[in-house]
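Heads up, the next two complexes both have subunit A, just with different partners, subunit B and then subunit C.
What follows is the complex of A and B.
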């Protein structure tokens, strides 16, 4: 337990631990659902889910990567917007518009030379997604229309417009899907299809996965997003606007421009995700003409939450959700209804989205009050760490810790509310701590003064 | 002796900090007892212990001579202890009455019974002269009124011991006077009041006794009548504080800021907030804009700094027209601005100290190279400012600004703005809510700017500050400048008349 506590010390570990707890809780709910719907196979079922893509051999792993690509992109879209103070719930619209642009270019613009065809298609997907988000961005910046409402509306406009345009231009009546893109528009496989292939039968017939270089593009984009946000002056401006629009304006940052650009970049990320998923050749996805918003779009929200809006975290959470989803698909071998599978996947994703609350639980359980303060006032994290060191060697502080765990009274009411409302947990700082904290800096003086007296 | 509350030898330690070190506080029945100390002296911690938000590590609390244990605010409430927090805890879209009964609602068959409560509220309001309308929405009433609702909440719960946590920080001078009256009325009726503050005038005005805390330790309890303001401030800060500001000889230079016939639209369409204002600020002088809050001072400064559009008129900085210039252009041309609302405008609270210190210069060559921030330079620059301006924080440049104390947040803004080496410094209520030590420091910085031949435009609501610092006083009333006065010849009373609008002189 002590070692576990020690592990909990660093901030990053707390994030990871809360994400893992969220996932475990989701799996538990999944197990219960499995037990209810078909109790005999339940244990096998949960193993199948946990096996994820491995349940399908090398091809399965490839499929995990293939389906992770679009949700990593939409996750980056949501995460980027979130870091810059916007809630982009318009990923389904931006995603499908991007997908259409890519497929349209892939089918029609065969005049393009082969090495550029897929690249141009991706570029158009990116631009289309950005353009779609631009509208909401302009509304937000200049007319103060809440981006949540406008992006939701744009989702439906995007979906129906794409359905219409597909039927008009690139419809394949035999399959009721969009037409296959030209071979030159398919993303290069980069040798991945050789690795992620199952061989079956006497002749070792290859059964390759759909995976292509899209996953590399997604990871590269995640790194670029990380650099933009954390290392550049541009990212500094966007984040400043997100944290405090007024202060950004005061500092001379053009906050309207920042809002529009944030939204456009978020849209571009989602649009690129659409392109990456649909430019995948014969055994890949094609656009269905149905009145349903793209699931890959909305899945960006839990992916982003699970990844704590961190671009690198989003890559991992995207892979994870794709992995679990793939495992869910293999559940059909155990005669589970596809609907049950969807419910289990949904509940796991749902619990994962509660990672924020689990984060709070983790802090409360393992570190007591001081850790909670540490999250709000980093200074305490350091102090807390020292305390942990002590508790490992001497049992004296152990009592303090347990007091921290059980003593509700130690935590001011504002903090206790956090779990309930989850609205801006950091927004309600403990004023009481403020001064104690500030005093720290004065300690040196205090000592000096003692001598004076 | 008849003590209603005794807090004996209270020690409360946070990791790395002793917030209260063997502090003893005794509250007599029916007295107004002030708790005085600088920001960070441990006043709020002590009160939080009394209110059950923290448990003391050592020491005991006695109520009416009997030891009690206060585990949470509900226990405190049961003992008759009520608290008005610095930031009110009111539901904004509830009425006054709904807020007051929140938590102690009377119901019958699941329906609210408000009649008895309404009667009691009106009766209390009448008895203490609170003049509160029980059916007004909280969002519609002034901050002063909201505070009275908080007081009524305590009275409604029949609390005997009332804790006020810096109640005057958010009030206008008039509201402060009325609050003082109410507090006296309450103590006359037998309520015991604990009054947290760092303002000496207020203590002199209402308190019977005062306990002084410094850096977590109890310096002593004295009768207010027996000590002077100077003695109290010395107890609080631990050294002599000069209430007068040393100013060097004035060297007037060329005009830095020229404003001509400026009009700024107000919130209501038919009346401008700033009406036909003209004035000049020269290098080497501090020009002070005095006036009662809400007479157009904020809008004037917003227009000067570019945060609000100008309706008509011109603004010139060093002879160049900046009436419609972008905010960044103004900043780069040498305008610094210490904003009125430091949390809203002045700081990105979730950025760390270093990131805040370069808020206005991150885009310059010094701190970025082809779009990438030069973190090494940013942090060494931040460390320099932190040292120079003595900004105190838990982790130096890496401290998240939200966790810093108000005084140090303000110091950070001042460091940033002054280090821009401005041609003109706009300072709006730069000392609001700060303790005397910090105020003295900020005043020195402003005067240093003036002595260095810079222009300073100071907007202040504190008359003492206006009289002390300014070389020239412009009085604003209802959006107009009604007087241009010399602080050496004008009296405070006269200034008050101009501010109230009952006197005006022709200003060119």
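What follows is the complex of A and C.
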């Protein structure tokens, strides 16, 4: 167990290091683009990006938090689905349906007493998002319809449905947006508007940011999702099902129920994100009636990828992406187009896909710890974090799972265990040192991979 | 009676405007996925292809016009798509990375890049790239005079329509009647077996991804030309729809054709509902019509998905060293 913890730590370092390197590479791409388009201002530009929200004073920081909230939620949605073996590309639909439910309740249900109004609106947003994903979940579990395609279809159906419903019920013809929600439906500011405000002019007129307690709700939800996934039997069942649907059934898990539930929970997360963004009062967002899928929905995918589907990681990656996006808005002061931020984010994502090359670089950097790392990388690269976590929490089920997948059910578990141990000898430091010298970079990866299997 | 037929002919031609780009891109996706590489980046590649080629048209239209320009633009689109898809191929094949991740990165990169470059290069800093449509063929000589077929296929048409059908035919032949096609399919089903008989899996997969890149690039251009007069850094999610059409078509060329036309038909009905007397008379709001293609596709999928024909090894990086 102790060794295992040590391994986990080392793995954490490596993933963090390779994430940071991906970010640096992405920023480098951004710098090159700035240099090509206008070389004089390029370094100023990259500083503006790095300053992020701070470029706009305290209000800017508040806006970072405000715009981080929805993408953290959609990121959690994609990440949760990913952990349970589903690819939820349907966040734009679930998000906008949730947003509509929240705004509808916020505008129409003024009979609700003040302290409950926003809460009920959020609840309805969550339920609406869940309901939207339920359809895809049922289609996947019972009719074997690929969730990628069904959620894409549900995105468009949701978008057109919301456009129609907004126009029918809560349309403000003056602005061509949805109406403002009632004051009691606006999320409490929790004092944040006091902190994140710019004061300007002689009278120091306050210019508050739109931030509200939504960011706290998003963080709290992330923690809850983490606990569900990592600390409960329910979460374990969902993950096992995602890892190998048939093995999970063999182990007595109702896999149809798990798929539906995973999808519904993912949809609820995205729907709640819609509610959190749009229940923000006068200077906040309102629903636009246009035939374009919600960007906050799709942005959940890069957020989740950058956070490596880990709920806590997703909070940070959501904040990071919102932070440099805000910096990108200030780039216009230097006559750069803010889209360079999306290019940078895309490059970061791409580089994080090239994890192998970065792990190799990290390996070089941490030469002293080569032996330890060399043993971890290949396993990580070959099987992914998921497998390790599963194998850690329950060795028995892991054998079930791997047996189910690779069709090696005939090999008794003991034999596999022995084989597994043999590949990871507890050598003396001296031996490790030798190993380190013998193995180098990718070659080491491949060697060890073979050994592992 | 004449009215009814002209409505049908109009609807059919509209259907082709929607269905042909879907068909081309889905065939592209087919090559990639049958070789074993998931290509979720189709949307981004379409945008890149459309961006490069529309920009090309924008710059060249003062010196040339008509079909020559369009054909050259198609080549530009194919080249741009191919180069862009190299990124995906490198990540997916050489680096054995998660193909969803690199595909997402490409999807994100393309529109941002298109807007950034357009706004930086164009004189007035706008992101739309305008073009003059000189490509419409009023009536194909001789063929346009054939009674029914002439009205359906050879009037008010674009050369891209015929290219789309040609691509389908070539793709079907290549896939099922050539050595390369067999190897491609083998790499998507069981790359280890293919490797064991001396096929270079990496090369074949590169070919698959590059073909998909070229076709998706062309598809982007084909989508923009008949439906718009400028390019606004988006293809309206058609890359994702093409992915859906590919799955709907069970990774088989003829079924993909059917799926593309199925979807395209409902899409055409939705976009022309106000112009068709019968549909306009029903008084159903246009937003509802717009939902119909997606709902119809979902329903058909519900009945046809029980036995998925997905290539066995799709999405799994091939590693020579593994068993």
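The rule is short, and it goes like this: the second predicted complex is superposed on the first by the 327 of 453 C-alpha atoms of A that agree within 3 Å, B and C clash if a C-alpha of one lies under 4 Å from a C-alpha of the other, contacts with A are read in each partner's own complex, and residues count from 1 in each chain.
Definition applied: contacts are C-beta pairs under 8 Å (C-beta built on N, C-alpha and C of every residue); 3 or more make two chains touch, one makes a residue touch a chain.
Please read these numbers as outputs of a predicted model, since none were measured by experiment.
In the superposed pair of complexes, A:343 makes contact with subunit C only, with no contact to subunit B.
When the two complexes are overlaid on their common chain A, residue A:231 makes contact with subunit B while staying clear of subunit C.
In the superposition on chain A, contact of A:89 is made with subunit C only, not with subunit B. By the touch criterion defined above, A:305 reaches subunit C but does not reach subunit B.
Look at A:283: by the touch rule set out above, it reaches neither subunit B nor subunit C. Once the two complexes are laid over each other on the shared chain, residue contacts for A:160 go to subunit C alone; subunit B is not touched. Shared-chain residue A:204: touches no atom of subunit B or subunit C.
Once the two complexes are overlaid on chain A, the subunit A residues touched by subunit B in the first and by subunit C in the second are 382, 446, 449. Residues 33, 37, 87, 89, 139, 143-146, 148-150, 152-157, 160-161, 163-164, 167, 291-293, 301-302, 305, 337, 339-343, 345-347, 349-350, 352-357, 382, 446, 449-450, 453 of subunit A are the ones touching subunit C in the complex. Against subunit B, in their complex, subunit A makes its touches with residues 231-234, 236, 239-240, 243-244, 246-254, 370, 376-380, 382-384, 386-387, 403, 407-410, 412-413, 426, 429, 431-443, 445-446, 449.
Within the complex, the subunit B residues that touch subunit A are 14-17, 19, 39-45, 48, 52-55, 71-73, 86-87, 215-216, 238, 305, 307, 326-332, 337, 339, 344-351, 355, 359-360, 362-363, 367-368, 371-373, 392-395, 398-400, 402-408. Here subunit C touches subunit A in the complex through residues 40, 87, 91, 95-98, 100-102, 104-106, 108-109, 111-113, 115-116, 119-120, 234, 236-237, 240-241, 243-244, 247-248, 285, 287-288, 290-291, 294-295, 297-298, 301-302, 305-306, 308, 319, 321-323, going by the rule given at the top.
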